[in-house]
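Before anything else, here is the set of structures, which you'll find just below.
In the two complexes below, subunit A is the common chain; its partner is subunit B in one and subunit C in the other.
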Partner chain A sequence: MRPLTLWRYEARRAGWAALLGPPIAVALGVSAALANPRPGDATTARILLGALEMAVPLAAGVACASLVGRDPAVELQLAAPTPYRVTLLRRMVVTLGWAAVVAGLTAAVLIATGWWARWPANHGPFAGQLTWVAPTAGLGAVGFAAGAVFRGPAAAGALVTTLWTIQQFFGDLAQRHLPGRLLYLFATTRGAVPGDWTENRLALLGAAAALVALALVVLARSERLIGEEDE
Partner chain B sequence: MTSQTARTLGASLRYEFRMQVRKRSVWIVPALTVVLFLLIGGSLLRDLFDPNERKGQPAEARTAVVGLAVQVHALLSIGFGCLLADRLIRDDRLRVAPILDATPARPGARLVGKYLGAGAATAVPILVVYFGFAAAYAVHTDAPQALGWALATCAVVIVPGLLFVAAFALTLPLVMPAPLFRVIFVGYWLWGNVVVPDMMPTLARTLVHPLGGYPLDALLDFHGIDGDDTWAGPVPGATLNFLRPAPTPTTAWLSIAVLLVVAAAALAGGHAVRARRA
Partner chain C sequence: MRIEISGLTKTYRGGVAALDGLDLTVPTGMFGLLGANGAGKTTLMRILAGLVRPTSGRVTVGGHDMSTGAGRTAVQRGLGYLPQDLGVYPDLTARQFLDYLALLKGVDDRTTRRRRVGELLEVVALTGDADRRLRGFSGGMRQRVGIAQALLADPQLLIVDEPTAGLDPQERIRFRTLLSQFAGRRTVLLSTHIVDDIAQTCGEVAVLARGRLIFRGTVDELTHRARGRVWSVVTDGPPPAEGMVVSALPHEGGTRYRVVAPAAPDPRARPVEPAIEDGYLALTTR
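Take a look at the complex of A and B:
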């Protein structure tokens, strides 16, 4: 199979939610920023950056949580020369890659129009891209690992959305201690200690790598994937 | 309702309940939620059990268990909606929908049975968590009336809210992919429940408030754990204030009725979509 055909196929198997999620997330975030009547550019800029740091990772995380358990004849996949976990990893790359394209373009527009610079804690146009890279990778990896462990999108999606909501509802509590601050998803727009930002972003990326490794180990036990889906 | 319809409803309710309550994920997700919540040092237990947190004054039983309900409801409803999102489309995915449609059991009765059965089963762990904490509080502070308040809160706040969520969680995945529903649902839950109304147009604090602002305010006289919050009613300068009448017992019951009517409309819509596709 030619590589392009292969990747197009994997994009289709990743599902409509992976395709539609990130643009819808950005659109809703931008509408929220436009609907905000409070004066002050900083508030509007914060909501715009929030669309990248909160909404895009949520969409990508739930899409990654929905990769395991989608194939109707998983036995065929398991019998193919390509290991099934490599196939699933490809679909995760497609899902996160598309979220990155959407988020990157949005960030470029925000930088060009000056909105990026209006949020004081923006960390510049280059390193600042970790605003969305780190939480997207982190939540995507949580979703992928949860999907591998639970073998179904319902529980994995529920876990991703719950984790996201807990960090939204209890942002202050979650950041009272250093481990909580390091793993806080929204450190750019709701961070408690600005000095922790770089460590926080790197910790999220490290956690993402560890979770993907865990998922690949779990997925290597292919007999778990057959017929035991938690219906 | 004919006896055939009633039997169909009862049977599908029973089986959907049993199927769902045996799913491991229905128990694992709320359990992990509570663990995560305790890990970040959730305010829930401190508010209830730590007198230092309350400036030496332990919260009064009613305030304590109603506050607990708000936190449990706000947090565990997320998993509740996400877990229910695959229940209706599952019949199509497993290709059993045509077989079920070929039986004399009417589709409408089966849908309502699935709604009540799967919804009740998914709510069981949430109620276990809530009443578990409420019972612990009642024993800890020697306040048995806490359990009565917990029952009342459950009836007027948690149950209507969950019925509202369940109706949309079952039917919306008919018209959009289930993962997309999960994303939009969480966004809605935050926007429609906790966003401050003068920040952007929102359904928070209106009659359509699944977190139960009106019943909390007018029926349970709850104004936040510290007694200085309002949960319903008009906000100066906010849009959609026409949906925010002053909180009274009448508007509180009206708010519950609105939630149930909207839920019924969502179910009817889902039924119509399925009937047209069949």
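Take a look at the complex of A and C:
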């Protein structure tokens, strides 16, 4: 276990987007719930859970997408005995960890105030946490892997946002076949074919693990990170 | 730490052969690397630091094979590296930056880290600015932070790529003296365009041109390459057409030119003692 100080430095490197994104996402969700023109218990609860299932993952995904490719001291990093990909992984863990703290606290408040239970498809206070865990891990891993492949935050962030938007607007299409259903990000608040929910959440987590593994393989080729490649 | 390089080739995408079948042995002590822009110095140093993989050829550093991950990590444990384009984290203070890099170099003990960082800030004369953010540092101050980080983990191999670029004369001289004191039984590989820095510090020197080794020997031997090829000529006319004009100083009755050329560039030219820079020029301008 490396010293806590190292983790503190990596948290700083993760940047402002990683720090402010999740709280802003929750704040936007709560504002949307307050501004709901047709207040009703179920719709308001759905918006609140939606903040956790949609807004927090998007914020985490974009933050993870910005981890690779904007490190001014990358040459020093690559020359140090601590592998740079491990350092990047640490930054991702910090980013997702913070999103989890924010989402977990929000969920606790929703449970305590009874709003959690007012959305019929809430899957309980424990397993129900997969509502935000699965899409946050999924989009975070997509962002991280895309950053590693494209070597830059702009393209990676665009990919995360596009994926999220497509699933928002073409959710029905995505639900028509099994792979689409399994990788659908918003199964709690936008509905899943009954019985699919657990499989969907686990599939998202599995996909996240696979993407992170892919990113680590890609990042092993250090020269890509200083803009060099042989023929 | 001894560096052995044989048949080293690095071809970048687009077909640029930055290194082309290079054979070179670097012993312990200070070793200088000279070469024109684009000669391949940075590429060689990046390969030795484990940042870039060779296209072909064999490189061992202190017996570790740089083509394996384990070999690269073993070398990096005892490596200090100052890249040509040093980037820093602008939001950190000099002290925090060094502390962070010490952690990356595996110095986990807090007291050791603190002491080492304090010492090095002293060495590069930045103690007074240690708690200012790097954002506000001048280019030369930043370079000194870079020098300090390279020395952090008491490296056995120090690779410094144009370390004195941007330093004022005092700091430059202080730094090159520091390097030669540091060298001792360690290996220091220094690349620079300031030929004099090499003359003042390095026993041996290699000259690269277009990815190949065109010279390897002592500083004196390099200087000797210009023997009988350095000329002084005073004229009020145009500069000599032959050879490379090294200096042009106002002189009574015209300008005094110092010229490196294979033969007397002018009937009035008389031969003069070469300096190391003349040797370098004689070698690289044919």
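Simple rule for what comes next: the second predicted complex is superposed on the first by the 223 of 231 C-alpha atoms of A that agree within 3 Å, B and C clash if a C-alpha of one lies under 4 Å from a C-alpha of the other, contacts with A are read in each partner's own complex, and residues count from 1 in each chain.
The rule we apply is simple: contacts are C-beta pairs under 8 Å (C-beta built on N, C-alpha and C of every residue); 3 or more make two chains touch, one makes a residue touch a chain.
All values reported here derive from a predicted model rather than from experimental measurement.
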| item | value |
| --- | --- |
| Three-chain arrangement built on subunit A, subunit B and subunit C clash or fit | fit |
| Touched partner set for A:T161, first subunit B, second subunit C, both or neither | first |
| Residue contacts on subunit A - larger count, subunit B or subunit C | B |
| Computed vertex angle (subunit A) for partners subunit B and subunit C, CA, steps of 10° | 90 |
| First (subunit B), second (subunit C), both or neither touched by A:T87 | second |
| Which superposed partner A:S222 touches (first subunit B, second subunit C, both, neither) | second |
| Subunit B versus subunit C as contact partner of A:L6, first or second or both or neither | second |
| Subunit B versus subunit C as contact partner of A:V74, first or second or both or neither | second |
| Least Cα gap, in Å, left between subunit B and subunit C after the two complexes are fitted on chain A | 11 |
| On subunit A, positions contacted by subunit B and by subunit C | 230-231 |
| Residues on subunit B engaged by subunit A in the complex (per definition of touch) | 19, 23-25, 28-29, 32-33, 36-37, 40-43, 74-75, 78-79, 82-83, 85-86, 90, 94, 177-180, 182-187, 189-191, 194, 198-201, 237 |
| Residues on subunit C engaged by subunit A in the complex (per definition of touch) | 10-15, 46, 49-53, 55, 73, 76-77, 79, 81, 83, 85-92, 96, 99-101, 103-106, 108, 110, 149 |
| Subunit C-touching residues of subunit A, taken from the complex the two chains share | 2-3, 5-6, 9, 12-13, 71-83, 87, 222-223, 226, 228-231 |
| In the complex with subunit B, residue positions of subunit A that touch it | 15-18, 20-21, 24-25, 28, 32, 35-38, 55, 58-59, 62-63, 65-66, 150, 152-155, 157-159, 161-166, 168-170, 173-174, 176-177, 180, 230-231 |
